[in-house]
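Per-chain numbering from 1; labels A, B, C and D assigned in written order.
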Amino acid sequence: MTTMSTPANGASELLDLAAGVFLLAAVAILWLRDVAAQTRLLAVQGSALAAMAVVLGAEQAHPELYAVAAGVGLLRAVVLPALLRRAVNARAADRETRPLLNVGASLLTAAALVLLAYAVAQPLVRLEATAAARALSVGLSVVLIGLLVLVTRRNALAQVVGFLLLDNGITAIAFLAAAGVPLLVELGVSFDLLLVVLVLRVLTTRMRAVFGSADLDDLRELRD
Amino acid sequence: MTTSSVVISALQVTLVLAGAPLLTGLMRQVRARLEGRAGGGVLQPWRDVRKLLRKARLDPEGTGPAFRTAPLIGVAAAIMAAAAIPLAATGTALGSGADLIAVIGLLTLASAMLALAGLDTATAFGGMGASREMTITALAEPTILMAVFALSTRIGSTDLPAIVTAGITDGARLASPASLLAAVALAVVVLAETGRLPVDNPATHLELTMVHEAMVLEYSGPDLALVELGASMRLAVLLGLWASLFAPWGIATTAGAAAVVLGAGVFAAKLALLGAALAAGEVFTAKLRLFRVPELLAGSFLLAVLAVTASFFLN
Amino acid sequence: MTALMLLVPLAAPLLAALVYAVFGWRRATAHAGTAGAALVLADAIALAVRVMRRGSAEILGGWLRADPLAAFMLLGIGTIGLLACAASPAYLAAHGNAHDGQRQGAREGAGATRRYGMLVSGFLAAMATAVLAGNLGLAWIAIEATTIVTAFLVGHAGTRQALEAAWKYTVICSVGIALALLGIIVLYAAARHAGLGESSALEYTALINHARTLDPAVTRMAVALMILGFGAKAGLVPLHAWLPDAHSQAPAPVSALMSGVLLPVAFSQVLRVTAIGNAVLGTGFTRTLLLIMGLGSLALAALLLIAQRDYKRMLAYSTMEHMGLITVGAAIGTRLALAAILLHIAGHGLAKAVAFITSGHILSAEGTTRIDQVKALGARQPVLAGIFGCALLALLGFPPFSLFASELALARSGFAAHLGWPTAAAFALVLLAFAALAAHAARMLLGDPDHDPVVDARPAAPGVLGLITRTPLITALVAVAVLGITAWPISSLINTAAQTGHR
Amino acid sequence: MNPVALGLAVASAAGALAVAAALLAPARVRVALVGVLTAVLGAAGMAAGGAALAGHIFTAHVSQLLPLAGVYLAVDALSGVFLSVGGAVVLAASVYGIGYFRHSGHNGHSGGNGRAIQVLWPVFAFSLVLVPAAASVSTLLVAWELMAVSSLLLVVSEHRRSAQVRSAGVWYAVMTHLGLVTILIGLVWLASAARTETFAGIAAAAPGISPVVRGGVFVLVLAGFGSKAGMVPLHAWLPRAHPEAPSPASALMSAAMVNLGVYGLVRVGLDLLGGGSRWWWLLVLLLGSLSAVYGILQASVANDLKRLLAYSTVENLGLILVGVGAAGVFKDSGFPVLAALALAAALLHTMTHAAFKTLLFLGAGSVLHATGTRDLDDLGGLRARMPVTTGLFALGALGAAALPGGAGFPSEWLLLQSLIHGLVVPGVTVVVLLPVAVGAIALSAGLAVAAFVKALGTGFLAKSRTPAAEHAHEPPPAMLAGMGLAALACAGFALVPGLVGPLLGRAVAAAGLGGAGADQAAGRLSALGSTLSPLLVVGGALLLVVLLRVLMRLVARGPRRAAPLWDCGAGPLTPRMEYTATSFAEPLQRVFDNVLAPESDLDVTAYTESAYLVERVAYSRAVPDRVEHRLYTPVIGAVRRAGTASRALANGSVHRYLGYGFASVIVLLLVLAAAQ
């Protein structure tokens, strides 16, 4: 991402930094197999997202963006990771069995996905010639990485982490492309996200009670 | 249905009714002579009929109306055919009402009724005869209709008087390959329909070989007389049909009394000649195995198809 | 007055949910949900009449909007909601005790039925909001709410398989819906770039009016993602796999609601998005995408119906087949095609709801969902088999029922729009599914019970369908037959609804 | 109000009343009430058909019915033929049904007087009247499917009797739906090419449509309507469904429903598409001949009575298709007189076949009702205990064998005339195909005689082979009345077919073969040089039989005395020694064994102690439907294999399901990226 030399580029540099941290957190989650570590990285990514919102608010002089950034930061950096960490109990069984795709292959796929995201985001980037627009491909690649995690991880909680990655990516695109969706919609979306995570957590605990472990390979009885 | 046509038909019917047993007697006599035997004389069939008519009428137990009416329908069909086919003269009464297909249909109805009578007797012979007769009739049907197809295409109709008059007027047509092929095909069918050698041996009562005889095994007395009479009339009518289709000389085309009488005489002579030739032929042929008969009939069907294509391509 | 009409469909079920929350599920409150659904139906009829006479109604600054399509869908929610809630008490009575044993004691059982009542009414409210939503954002939130609400309904039985179905349902639907959200945000960006105001950037009417100014490449991406996302909730191919699992494990009234109403409601969003896509990009893009998804769903459903062993999954795949056919109709897109698919949605919703509710009764009578273990039902349970048979006849597309008329109109519109080959392929696949469904239904319903070892072993269950449980089912079937003969009551509504969405 | 409209109005009113009676009337009187009302429906339909044949034309449009399409009705002389035939068959079968359904509770199951069957009966009858009256693609398809569903439910109504009923029902449902889908696609394609849905509009726009479209539409329509008319490759459902249905229903299906396949083909092929190109009709001619021979071959070796009659339907419909095909060929090569003659022959054969097939199926129903079995090998000797049924069945068999005196003879004779005079038409293919068709008709006529002699002989004559046949009894009067009506029609067609001539002339004109040839299609056919007056032939023969009987009574001495049968001196003859249907057909089966490919297997079970001591020998022989083995079984096997293989698509793993979504998103994004 080339940086322009005008005084305002200070803000765009900050934005690029936040986007970089945002993407790296996603790649790190892909790299690690331990769910507890992954929840911490989610918190980092949530705060990077909030930072991005603040920088955008400052650059485009949208006062209410600060409130939204605070809300998003609170939800995605603090509440959701906390929910997940409490769900991960101490037993080793929930660490992470061998994922469907080994780490090396998944990292290579992640690279390919980032390139694809870059190619696909071109029309969006051409829409607004701002730094935020250029960072859009980061949001899209985090969405694709989230999908990859969802598809390849055997542990139920790892799938929830993948889902949260997917959602963080989508909210990032919302901020970068159009400085956030209307407040009411953003509120509704976040509330729904919270409820989904709560539902998945309840299901995971009940799954542990019934199946003995949160391994998704036990869920094979419903077949044709 | 003019009076002259009724007279012609009546003449033909009486001729066939009286002449048929004589024809059978003549054929048996020729065959006896050729085999060095004295033979029972030409009038022997009439003597048999008289003897049988004097016997008491018996109903085999368990048989129903089908058994009793079959002989009657056999004779009735033969009489109707005799009244329709232009044997002595072309102006027959039924000529307009019944064409070639109807006549053959009547004769098939007669053989079907006989098969039903055979089945009605509830004996193994009756069933066996009926089953074989029906198989042969079913396989002979295509040949007859293809022959009819060959004869009637150029004239444009299947009416018997029309076909015969066409035969009489231009004699050359009779020698055409189409006509010859049709003649041979129909000859085979006549043998099959009337149960003569090589399809079926009329003289035998050997269980495994008989077809027509097996169906009529249970008949006795007057019924047997009727059956024999029907069979011989059927033979006479079919030979007459063959003769008038392929050797129509001498058949009266006008309604004049002299021409009709002459026609009748010529018809009787032709019938006697054909009968004798058939009998002579039978002395030298043996009966075909039952499941080789379909090949014979398939061969005749092929000849009939060749007749059709010949009649279409060559003229 | 219109404000009231638009709010009642949301408020009535929520009120019923509140009643369950406070008083729990007792004999007195058992039919609160039915009352809520009846209110929704009454309001829907009034709303439909008003919309027909005075056009679309809008309140709360465009957040809630009732156009003919919305009124039609609300009618569906009302009728099938009424049908499902009326059947719930009988279902819970028959199944409540059967499954309590596996979970901890009666207290938990009472809690479960109370939660069942609340969630079903909440489900109706969420679907009503989704239909009446004026803008894409609110529609998305409402549809995500339906997923959350039904997650526990699918897991209501508490068995291992119900839990597995709930997990798969929640994960797959949420992923699908997240893709739709991505599409909405991209469209929002394009709209904002085109100069629409923050509040009106997600409203259907505003988007269609300003269609010319939206950037085509961005809108193509947004529309594709939204069709894929909402298609997942409508049971269409790429993310369809939750459908058979959820329907086979959920309680019968809930699967009736899901098949009869939830899928068409999600599909109504696909219709709205296609309308926007056509306004901006022309018909080519959406037609190919919908054709691929429609024919894909049809093919998959037909293939998986052939060797099917579970009759609830069989009904679920039959739903997928009909949704595939409806998607092909949407791909054709002419006015006749849209009218046909709306009639098809009405007919299929009612018939499938009756089929699922009777399958619930069959499960409680026979104790198994396997097709080969249900033998000679026609001889042993004549009434139950009769209703189930009639519902299947309707689903197979036989005349007196409306599905035949709509499939016929679909075929005519397909060929008229020069889409001969895809329509022919679609009907060939419908034939394959017909053959499979007919064979399975015959194996279940026909035959003689006297000399079947499997059947004799099972205790002779009493006549399951009492008078009160079977009258709503029979009236629903008669309604589908009346729709098939005259379609008088809703034909004008269908035609105007089709008017708005067509090319 | 023109008579056709009046007829149809009365028919629909009677139908509605019958359905109401079936639902509301008490069980005791329900069967009689529904039977009478449906008979009124049939009579009204017949009257409407007759009026249409007499020249009245009727059209109507009801837009409120059938959503998104509207109902168009139109009755001209061509639909008049099928309306009157359908109505007559409904009349006879309903009268018969009153007796059949009241007593039809075989061994304890609730028989035909159940409310469901009584509702379906008038609905099926009404759909038979509705199909010929339809005048738009949608109305025809709705009436077609209404006929399909009501007949399907009637076929499976006796599902408690045996497992075959269920498999027959599934076969019937799937084959009928296959037919519907082909007709639907064909006609809707035609309607979209003609940009209108009504038949009148399509007929007007047909010349403008490109030959490729017309060819494609014709092939689809031929497949759809051909499958309903039992054309050979698509006939497999007919010998399975007809025997399993209750007898009045199989009479309706065999004598009225299959004709509507021919009606569809004539209406779309000759009337709407205006004849089209010659290869269409040569194809119909060829498939018709194939059906005729194959159908009657299977009938001659079948030993289930109703299966024999079902295959005979395949044969007769094959003959009708030969007539229609010949008409198309002659019309295309510019011989209107011959075309009119061929189509008149086909329509006459439709009428005569309806008459004798109704009589035969009702007769078979009485046998089933009396003995509880349809297998000819277990029957025999019914003549003694069921004389009236045997006599009526004999009349029907005579008609089916197409011998003089039978109803089938005049129409088959007319068909042969039209083919024989067809050699005048130039063109090599015609010259080759016409003799093949004549050969096929001739062989099928011969085999028909053998098949029906077998049916009548082994089934009704001789002695009873099983106790069931022993205790047979005459059916109730209502059933005899139904069969009497059908017998009346058979006798009428056998003696005076000429009366129907002018009516057929008008029907042929309505089918687009107008002009000079139309009025000569009368029975007397003087213009073409071949005349047939069945009255003369049959009357003469009967007269002679009576004369001979009187003569014999005069000549004979003493009364007829019973005498024992000739048993070669071996001991009393038992019924087990009789020829059964299987043994009767054995020579035919041996002659045609490479066509029929009978399957026979012999398994010998030896004692466990020693392989040389045989404990039990089991021999079984069956004549399967060859077309079914070669064409249908592989297809069904492939579909079943595909079904089991596709199960892997839903193997229960969440990752696989999410993988579908992930892969489709990737593909979508790639497509979008490439699209810029």
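In this section, contacts are C-beta pairs under 8 Å (C-beta built on N, C-alpha and C of every residue); 3 or more make two chains touch, one makes a residue touch a chain.
This structure is a prediction, so every number in the text was calculated from the model and none was measured.
Any chain that touches chain B and also touches chain D would be listed here, but there is none. Chain pairs A-C and C-D differ in how many C-beta pairs they share in contact, with the greater number at C-D.
When every chain is reduced to the mean of its CA atoms, the largest separation from chain C belongs to B.
With centres set at the average Cα position, the gap from chain A to chain C is 32 Å.
In terms of their C-alpha centroids, the spacing between chain B and chain C amounts to 78 Å. Mean C-alpha position of chain A lies 101 Å from that of chain B. Put simply, the C-alpha centre of chain C and that of chain D have 43 angstrom between them. Shown for chain A are the residues in touch with two or more other chains, namely 120, 123, 147, 150, 159, 216, 219, 221-222, 224. Within chain B, not a single residue touches two or more of the remaining chains.
Residue positions of chain D touching 2 or more other chains, listed in rising order: 647, 649-650, 654, 658, 661, 665, 672, 676. Contact between chains, as defined at the top, is found for A-C, A-D, B-D, C-D. Across the interface of their complex, chain A is touched by residues 647, 649-655, 658-659, 661-662, 665-666, 669-670, 672-673, 676 of chain D. Looking at the complex, you find that chain B touches chain D at residues 53-54, 56-62, 64-66, 69, 72-73, 75-77, 79-80, 83, 94, 96-99, 101-102, 105-106, 108-109, 112, 115-116, 119-128, 130-132, 134-135, 137-142, 144-146, 148-149, 152-153, 155-159, 162, 217-218, 220, 222, 226, 290-291, 294, 301, 305, 308-309, 312. Chain contact summary for the complex, chain C toward chain D: residues 167-168, 171-172, 175-176, 179, 217, 220-221, 224-225, 228, 232, 237-242, 244, 300, 303-307, 336, 339-340, 343, 376, 378-379, 386, 393, 396-400, 402, 404-406, 408-409, 411-412, 414-416, 418, 420, 423-424, 427-428, 430-432, 434-436, 438-439, 442-443, 446-448, 483-488, 491. Every residue of chain C that touches chain A in the complex is listed here, in rising order: 137-138, 140-141, 144-145, 147-148, 151-152, 155, 160-161, 163-168, 170-171, 174-175, 178, 181-182, 184-186, 188-190, 192-193, 198-199, 201-202, 215, 217-218, 221, 244-245, 248-249, 304, 307-309, 313. Taken in their complex, chain A has these residues touching chain D: 100, 116-117, 119-120, 122-123, 144, 147-148, 150-152, 154, 159, 216-217, 219-224.
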